[in-house]
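Two complexes are shown next, each including chain A; its partner changes from chain B in the first to chain C in the second.
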Partner chain A sequence: MDLLIFQAPILMVQASLDGILLGILFALIAYGMALQWGVMNIINIAQGDLVILGGYIAYTMYLVGIHPAWGVIVSPIIMYFVGWALYKLVINKVVDRDLFISILATFGIAIVFQQLMNFVFGADVVVAQSEYGTTMLFDNSVTLPNSKIFAAFISVIYAIGLVIYMRRSRLGRAIRATAQNARAAKILGVDTEKVYAATFGINAALCGIAGALISITLTLHPYVGLPYTVRSFMIVIVAGLGNLPAVALSGMGLGLFEEFADYILGTEFRIGAVFMLLVFILVYRRFKLSKKREYLK
Partner chain B sequence: MNKLVKLFTIFISAITLTIASISSSFAKVEGEYIVLGSAISLTGKYSSNGVHTQNGYNMAVERINKMGGVNVGGKSYKFEIIYYDDESNPKRAAQLAERLIKQDGVHYMLGPYSSGLTKAIAPVTEKYKIPMVEANGASRSLFTKGYKYLFAVLSPANQYLEVAIDLAVEKNGGKPVRIAQAFEQDAFSQDVRLGILDAAKRTGSEIIIDDKLPKELNDMAATLAKVKATKPDVLVVSGHTKGALTAIRQISEMKVDVPMLAMTHCDAAKLSKQHGKNSEYALCASQWHKNLSYKDKFFGGGKKYDRDFKKEFGYAPPYQSAESSAALLVFKDAFERANSFDRDKVRDALKTTDMQTFYGNIKFGPGGQNVAKPMILFQVRCKGDTCENKVVAPTKWASDKFYHPIPKWSERS
Partner chain C sequence: MNTVKQKDLILYSGLIILGLAAPFLFSAFKVQLTYLCVLIVLAMTWNLQGGEMGYNSFGNILFYGLGMYLTASVQVGMFFPLAEWTESGGEKTFVHTTAQYFQGIGVGLLVAAIVPTIVAGAIGYAILGLRGHYFAICTLGLGIAAGEIAGGIEIIGAGQGFTTPPFPSEIVDPEARGQFFYFLSFLVLVLAFVFVKYIYGSRFRLILNAIRDNEDKAEAMGIQTMKYKIVGWMCSAFFCGLAGGIMGGLIGYIDSTDVAFDGREMGVFMVLMAILGGKGTLWGPIIGATLFHFFKEGLWTFILGWQYVALGVLIVVIVVYFPEGLMGWLREKYPDRFGEVIDEKDRKAQVEIK
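For the complex of A and B:
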């Protein structure tokens, strides 16, 4: 059974495509995390819960009869303001403190969000239907849900848009400057307070897009945010901060690795394999760094 | 003078202590009320099913009290329940059980929602020798620990889908079948899996895929791709509501053709409503269905219960509510047969329970599980765009014929 993948090579194509499509979606969430981690030095534990909230916005639209795909436009707009408000209420009080405080604060936010979503939307698992159908390849042996293709496509569009925005716009440049050196940026007249608020808002907006996409591809539940936080954390650890191509690659790589681990080792080892990979990468990085140090000596 | 004060203090405290000890030993019955306790999930991830459970309890309390209450020693008593919110957290549930027993002096407990939380509470009630009738913990491991004060009105988890395998073998002309299965890694789903393993052994069937789904997983594309490649006769999925919804979403998107699909939690997931036509032909295990012909004098039959519940709470009762209501009927029956409020007498009476309720026959096996009630299977069938759950097995209550095999996706409109 374990060797099924070699008996049926077409499964490899299926696994690769599934992995990449899923990975792109994760990369979008991870990019938001990398952005605000880089700029504000905050690890946002509530990242996954912002994603789920974004998903519920799309789901609410679906309930009132609007196609949930419009969520990818409505949800980021609402989520931007949610992120902005969160910054003004909580994050601005912890932004200059050490990492532990910010983890604690965002963990608290995560719990509050979970309970609020539970209160408003109920504890039932819900899905929104896109009715997009399925693309079949290779004589129906490889199937790709169009909703997943749509999700990957939208993620790529937004990611490209964001890169251009970061390069060209005034705010984008201010954000990058703040990330490089907040104090210097402040001296040169950048309103870092505003930059922080905008960064947190942009991160929340990215989560909103991802959430809307998840509502039509996966399932929503008030308490499933954490896996998204963990995955994006891992992608960022591997890719480093503020490097979009690396985040995208590492996202896709993680998706691929997960799918193949699932095929070869079995579903029960899927998450375990991912964590093993994380440990391996961290050890490997340390090993490389220590070599560098010796060289410098 | 000083001595007098001391003496007085001792006297007062002695009286207080006596009163306290008397009142705590009689706290189970206050005036005309029999006080039951329950820690239940009103917030947290089980809150929707927790509320279904609570509504079921409340409905039964109200009905029993209205229809004459519980007659013990020639006097009529009424039920009253003290609830605490366990936040869907096993540790909290165990604490609250202690609190109910030690501080509130509760002597009879009703179960919480879910196997996990029941598992957390059972050792506490056992320790204090408090009889607990529970309606929402089906895990087999609850009934193998030798608990003496635990009684469950529902069928244990390993029975959920065993019937489905028998059905598949029957449809295969009595020949063994090839089974693909995916189960979440939690107590309940793994017990359902054990049931399938037993059934497979009994029928000589082969298990070709045996995936365990991590709790946090909401993507089972890899399992389904394997199913597509190996073409089993039956696909069995159990992973609570999330598992059911994910399975249907991805089976329909990936166009996985399998002759038979058996699942749990279809009604809790509102499968036929959320996925509509894509969920058609899914076979689901259930503890109860309103069309069953069981009867009792408090609720009449299943259909009447359904109507009354809808009137009271504004939604159709899921089986979680029905079984919770049944738990109160069991308590009432036991109190009356024991004709006493002595905990051990009530426990002995519970042990010899043999009754019919609108929810089903109830008789407890040596481990405390209900052995008198079979599981039922229903199949999602659609007419136009509206889909409904139709009972297909056991044949005694079947309202529709079991549709087999499931048509291929290319032939479905």
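For the complex of A and C:
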């Protein structure tokens, strides 16, 4: 404890920087979730597993000798088609149904993904070496892996690119129209089925980018998908659907919270703290709303 | 009316005789039968608030795991220092005598039933204010958080697990352990069935159904929904705790995320079994659990390694193509036999209105 107080200012800077950079990555995943939640009204529990799958694509490239950073281009392309296929196989049957059904169905998908990844890539914790080195700040007391800076940078670029795409392109407009009112969009000639498939594909592609970045900054393991799902869910319910600055901010907030929880409570409680935060946020919102005699919808 | 009662009586006594005779008839499958009893209890009590109340919880595993840890901790802690027991791990430095073992497990199960019920009551007010999918996700978070936190607590074994007291070695009969746990679980099953059956005939069930169908209207009708929701969840928690305690003793080893707070298996199983059989029916979860258990045990050994893939596919198939469950399907197909029973008086009254 003495040590912590003695080193506290440095730890603060270290944890804050780590948290913010990590948070940008979380925000990217959350943006995908907000997109498909807003458009298709589906909560995708397999979100985190799509992330991990995207990470394993980058890791496979690393294994065959290509630099894993290229994963941020290859992985979203592959993941787009994975998402598209997933939509055609399962998701299109749960779009207009009860949300609980989509939760359970995607939970089933998550289990299948986890196990298949376990077969193909093994149950070891792996990481793709980017060999970007580290940046030392403040007399070498704060270390910052360059890969994390790279990850945050790429996330921001992709997020801005997506926002512009959604504003300007025909498909982007169709997606936004479907999100506002699917039936009206259909009457006006939007092929909503196609829009849904594309939305889910874009969501999976975003997960693929995030996964590729995670493969070089953090670690990969077949069973760590669920925390990513919960993180993105949390960010979305704090930020609301389709509010990108708020998503980015709450992503960073979550990153900060996690890093500090890691330092203060210890690494073994990190995931537990994330899940408890989810419960606290939901309960806080519930009490806040119940004063107005409303509830979370 | 009388004949129906008689039919029921024959059915129930037949089932009880079958249940009592099962461990002797299928002596090799005692552990499987115990599992089956526990699964039925879990499915039936999940159905009480998932099917009847419409609050789909992924977090009942919280009470199950809590019950498991509590039973084992009490059983050890009553006679020996708990910290030293968990520290010594598998090496037995302390040995329970026969009397100590049974006293311990008795008190342990009592605690395992009561404490989760109190916990459910305590957190119920906060958690049950959430509705629909927010409730589902919140309880999912609770269950997993509990597992992660239990994995960090030293006194109950942290990550390396907790060995529950072994069955007393003074009892030499090799069948005794299996029979003991089977009859224990069967007793809990009968208790749970009687309880759920009682609730199905009571006003309480109608209130739960009203909450499921339209909570706002139920509230407008003057029902204190929050009170009934909490009580409904407490009923589930009571039996989940008991089931967990028995499973802890049967398995003999508690791991925080793989055995106790096992959201990936038990936590999903109980939801799946209730849906497979048909949510919101008395017999649905029982049939669902039995089918699921047979399917699982029959298939698991043939597709070793692929069982989770099969489980995931099964979840998707059941949920997407079969959300009404077996009883729902039967109801639709044979409404005369399985449909909602309408009293003659009601039917006549309706005809008159027409």
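Assume the second predicted complex is superposed on the first by the 254 of 297 C-alpha atoms of A that agree within 3 Å, B and C clash if a C-alpha of one lies under 4 Å from a C-alpha of the other, contacts with A are read in each partner's own complex, and residues count from 1 in each chain.
The rule is short, and it goes like this: a contact is a pair of C-beta atoms (placed from the backbone, for glycine too) under 8 Å apart; a residue touches a chain by one contact, two chains touch by 3 or more.
Only a predicted model underlies this, so the values are computations on that prediction, with no experimental measurement involved.
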For this session: Considering only touches as defined above, state whether A:Lys93 meets chain B (first), chain C (second), both or neither.
Result: second
For this session: Name the contact category of A:Asp18: first (chain B only), second (chain C only), both, or neither.
Result: first
Exercise. After superposition on the shared chain, which partner residues are touched by A:Pro222: those of chain B (first), chain C (second), both, or neither?
Worked result: first
Exercise. Between chain B (first) and chain C (second), which does A:Val127 come into contact with in this model arrangement: first, second, both, or neither?
Worked result: first
Exercise. With the two structures laid over each other on chain A, which partner does A:Gly266 touch: chain B (first), chain C (second), both, or neither?
Worked result: both
Exercise. A:Val283 contacts which: chain B (first), chain C (second), both, neither?
Worked result: second
Problem set entry | Partner chain in contact with A:Gln115 - chain B first, chain C second, else both or neither | both
Problem set entry | chain C-contacting residues of chain A that also contact chain B | 115, 119, 226, 266, 268, 271
For this session: Mind listing the chain B positions that touch chain A in their complex?
Result: 43-49, 182, 185, 208-209, 211-214, 216-223, 225-226, 228-230, 240-242, 245-246, 249-250, 253-255, 268-270, 274-276, 410
Seminar exercise, completed: Within the complex, chain A is touched by chain C residues 56, 126-127, 129-134, 136-138, 140-142, 144-145, 148-149, 151-152, 158-159, 264, 268, 271-272, 275, 305-306, 308-309, 311-316, 319-321, 323
Seminar exercise, completed: Seen from chain A, its contact residues with chain B in the complex are 1, 4, 7-8, 10-11, 14-15, 18, 22, 115, 118-119, 122-127, 129, 134, 136, 140-141, 143, 145, 147-148, 218-219, 221-224, 226-227, 259, 262-263, 266-268, 270-271
Seminar exercise, completed: In their shared complex, chain C is touched by residues of chain A numbered 43, 90, 93-94, 97, 99-101, 103-105, 107-116, 119, 226, 230, 233, 237, 266, 268-269, 271-272, 275-276, 278-279, 282-283, 286-287, 290, 295-297
